[in-house]
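Next up: some structures, all given as structure tokens.
In the two complexes that follow, chain A is the common piece, with chain B as its partner first and chain C second.
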Partner chain A sequence: MSIWEKLTSIPREVIMGLVVIAILIPALNPLGLPLMVGSMSENWYDTVDSLPAGSIVLFDIGYGSGGYPSLGPGNIAAFHQMFAKNLRIVMMATALEGSMMYPLIMAGVKPESNYGAVYGEDYIFLGYIAGGQTAMAGVLGDLKSLVSSDYNGNPISGYSIMDNVGGADDIDLVAYMTTSGDTAEGWVYQAYSQYNRALLGGCLSMMTTSIKPYYDSGQLLGIMDGIKGAADLEFLTGHPGDAIVSSDILSFTQTLVLIFILVGNVAFWMQKGGGK
Partner chain B sequence: MVSLDPQVWIAAFLTIAATSYAFRDNRVFKLAENTFIGVAAGHQIVMGVKNIRDYGWSHLAQGEMIYIVVFLLGVLLYARYSKEYYWLYRYPIAFLVGNGVGISIRAGIHSDFIVQIAQTATPLVASDAMGTINNIITFVGVITALSHFIFTYESVHQGTLGWGPKIGRWMILLALGASFGNTVMTRFGMYQGRVVFLLREWLQII
Partner chain C sequence: MDYRRDIPLAITFIVGVIAVLDYYTTFESVTNTFTVIKNWGVVLQAFALGLGAVNLFRIHGKRISERTRDDWMFSGWLLLMLVLFVVVGLGTGQYDASTSYQWIYNSLFLPLGATMYSSLAFYMAYGSYKVLRARNFEAALLFITAVLVIIGNTPIFPATFPVFFHIREWIFGPIVSGAYRGIRIGVGIGAVVLGIRTLVGLETGYLGRR
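And now, the complex of A and B:
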């Protein structure tokens, strides 16, 4: 077996082993590789920054445990900025597991101790609302006829944050983070096209190529592009967390993938050139 | 100092078990897989019941009788399990489909067609050089990619005209390449997130 044949048939255990090593090296010894903040993240930050204190933000936690490593850090950074700006956040979940992510995110933000925020006055969590785009239309159309209690089962009429929030007209910004393409599109359809609300979208990097046309056409004002976008937001908000730690690892592992692709292609063409 | 929190140990074990599949299928992976399915199914049932209570029953209990129709439609969904009454299942499905299409079609046409076409039809020359280059790439990409899917006229794919669909094919491949690159980044992002959890929360060495 020639060297080229060996290179095109490396066992996957070896490749995974190299990937694990490539993750461990920068994790244990941070390299401090430079972070270039993308324009999509910058526009997300600037959009939130431009809102006056007291503005209402409708935020959809549209992901579960699978999406948490990519979106959770960005979600935490986004909430840091919103609470620091004294924005009032009405949270909901269009993903079934979204309600399980809520306590994890709040444990990272600590709005009470860090910002003096009060549940029910400065933020509220409505829990999972089934129905996908129908739920979005319902929340933006007539929130109080759809939702009568928060995630804990307490009537929303008892919380001051909900006093003046009845639908889209009372919401200054809609933002979402999701692992679902339907949810990402659904919010554009309902929040932007139907109700003309300012809209920010966070998604997995693999979805960015699908939703970027909405950003290019001005329907989304900013995108948080997976773990890269999360690192950008952590940097911009001054709250370094898991994503900044991950950016070093990501640069290192992506370089390894590039090497794999190069080696694989060179080996393939060399084999072909050798008539094998 | 390794974590003493049993929840962290369970999470660490399941993380290692789930990712062990990358090396080879094994019993520990199966255990993690089945545990996840069981927990997810249980959570789904609880959330389903909670939804019925919060968004259906609570309204009915407050005297909103229209919700009787909602519950009736919900019950009819189960008619699909009966050979005799299967046809009743079509009513709630018709309602769901009609409702879904009605809600999304107008906004969908606006977002996906009107706004996108308007954005593509902007002047090629922008205020800066990069903007102009982007506009030209977008314009050429849209026209050539669309021409790639014209199958009615064979002449579109032949001779000089044939360059349009060829360039369109390359544009599509470039987009797929970008999408693949992003997919790799997403998967690594997920995996390394769990590795960071193991090192930080479980082993507490970073």
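And now, the complex of A and C:
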């Protein structure tokens, strides 16, 4: 077997083993490799930054355990910015597991100790609302007729943040982070098309191509593009966390993948050309 | 008259017309009626989750009782976990907000979910190496685009050479967004046609197999 033949059929175990090494090196020893903040994240940050204190944000935690490594750090950074700006956040979850992500995110943000925020006055979590786009339409249409209690089972009428929040007209910004394509597009249809609300979307990197057209047309004002977007937000908000460490890992692993692709192609063409 | 067919069709027609009226008009009575319908929709979909759990018991219960497949023990484990989560959630009275429930979730499900998703990285690395070969002209176009997007998505390259960021943005702009817009417009027109056909009772696939 020639060297080129060997290079076109590197065993799976070797490639995966090298990927493990490429993950472990920056994970164990973060290098702080340079980062270029993308325009989609910058626009997310600027949109939130332009809101006056006290504005109401409807935030959908639309992901679960599978999406948490990619979207969780970005969600934490986004909340850091919102709480620092004294925005009032009404959180909900269109993903079944979203309500399980809430405590993890709040443990990272610590709104009470970091920003003096008070549950029920500055933020509230309504829990999981079934129905996908029906739930979005219901919340934006007449929230109080759809939701009567918060995540903890307490009546929302007892919380001051809900005094003036009845539907889309009372919401200044809708933001979501999701692993579902239906949810990502659903919010565009329900919040932007129906009510012309300012809208921000966060999704896995592999989904960005499908929601970018809405960003290009101005329906989405910003996109948090997976772990790369999360790293951008951590950088912009000044709260470095898991995403910035992960961007080192991304740099290592994706460079390795790139090398494999190039080696595979060079070997393929050398083999085809009869090279030995 | 076939009641099993005609009654669902009539309900679909009435609900569909109210939804369309709600979008295009500002009559308070229509808005209020549609709000009630949306709330019913949410309740129905929540109910469907319960139905899903019953279905899981039916299918996996059968697998356990028959034991014809080698993986019947996984069905048992699935039902055991399902019962555990339900018992802990209901037992504490706080459902998924209870600390016990969160502890089980964070200890069992969260690492498994993250692992499943993360394991994709290994298969994508191997898949890219095996599949992205410039064998012909079309494959070469895909290869070049993929390489440029990977370079643009790898944080260190755009940070060092910003031109890669702009190349990626250009690929994502005119090429990807342009193509995707065409797809979305096609899907949108299809959805309108499907909606009209459903409203007038020509589309009956959602009624299930008869």
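The criterion applied here is as follows: the second predicted complex is superposed on the first by the 274 of 276 C-alpha atoms of A that agree within 3 Å, B and C clash if a C-alpha of one lies under 4 Å from a C-alpha of the other, contacts with A are read in each partner's own complex, and residues count from 1 in each chain.
We take it that contacts are C-beta pairs under 8 Å (C-beta built on N, C-alpha and C of every residue); 3 or more make two chains touch, one makes a residue touch a chain.
Only a predicted model underlies this, so the values are computations on that prediction, with no experimental measurement involved.
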Partner chain in contact with A:F268 - chain B first, chain C second, else both or neither: second
Contacts of A:V245 with chain B and chain C, given as first, second, both or neither: first
Which of chain B and chain C A:T134 touches, first, second, both or neither: both
First, second, both or neither for A:I10, with chain B first and chain C second: second
Contacts of A:G66 with chain B and chain C, given as first, second, both or neither: both
Contacts of A:G158 with chain B and chain C, given as first, second, both or neither: neither
First (chain B), second (chain C), both or neither touched by A:V257: both
Partner chain(s) touched by A:D142 [first = chain B, second = chain C, both, neither]: second
Partner chain(s) touched by A:G54 [first = chain B, second = chain C, both, neither]: neither
Set intersection of chain A contacts, chain C complex versus chain B complex: 12, 16, 19-20, 23, 66-70, 96-97, 99-100, 127-130, 134, 137, 146, 153, 194, 205, 208-210, 213, 216, 228, 250, 253-254, 257
Touching residues on chain C, where the partner in the complex is chain A: 23, 31, 34-36, 38-39, 41-42, 45-46, 48-49, 94-97, 102, 105-106, 109-114, 116-118, 121-122, 124-126, 128-130, 132-135, 143, 146-147, 150-151, 153-160, 162, 165, 169, 172-173, 176-177, 180-181, 184
Complex contacts: residues of chain A adjacent to chain B: 12-13, 16, 19-20, 23-24, 27-28, 66-70, 72-73, 96-97, 99-100, 127-130, 133-134, 137, 146-149, 153, 185-186, 188-190, 192-194, 204-210, 213-214, 216-219, 226-228, 242, 245-246, 249-250, 253-254, 257
Chain A - residues contacting chain C, complex: 10, 12, 15-16, 19-20, 23, 33-36, 38-39, 64-70, 96-97, 99-100, 103-104, 127-132, 134-135, 137-138, 141-142, 145-146, 151-153, 194, 205, 208-210, 212-213, 216, 228, 231, 247-248, 250-251, 253-258, 260-265, 268-269
Of all residues in chain B, those that touch chain A in their complex: 22-24, 40, 43-44, 47, 50-51, 54-55, 58-59, 62, 99-100, 103-104, 106-108, 110-111, 115-116, 118-119, 138, 175, 178-179, 182-197, 199, 205-206
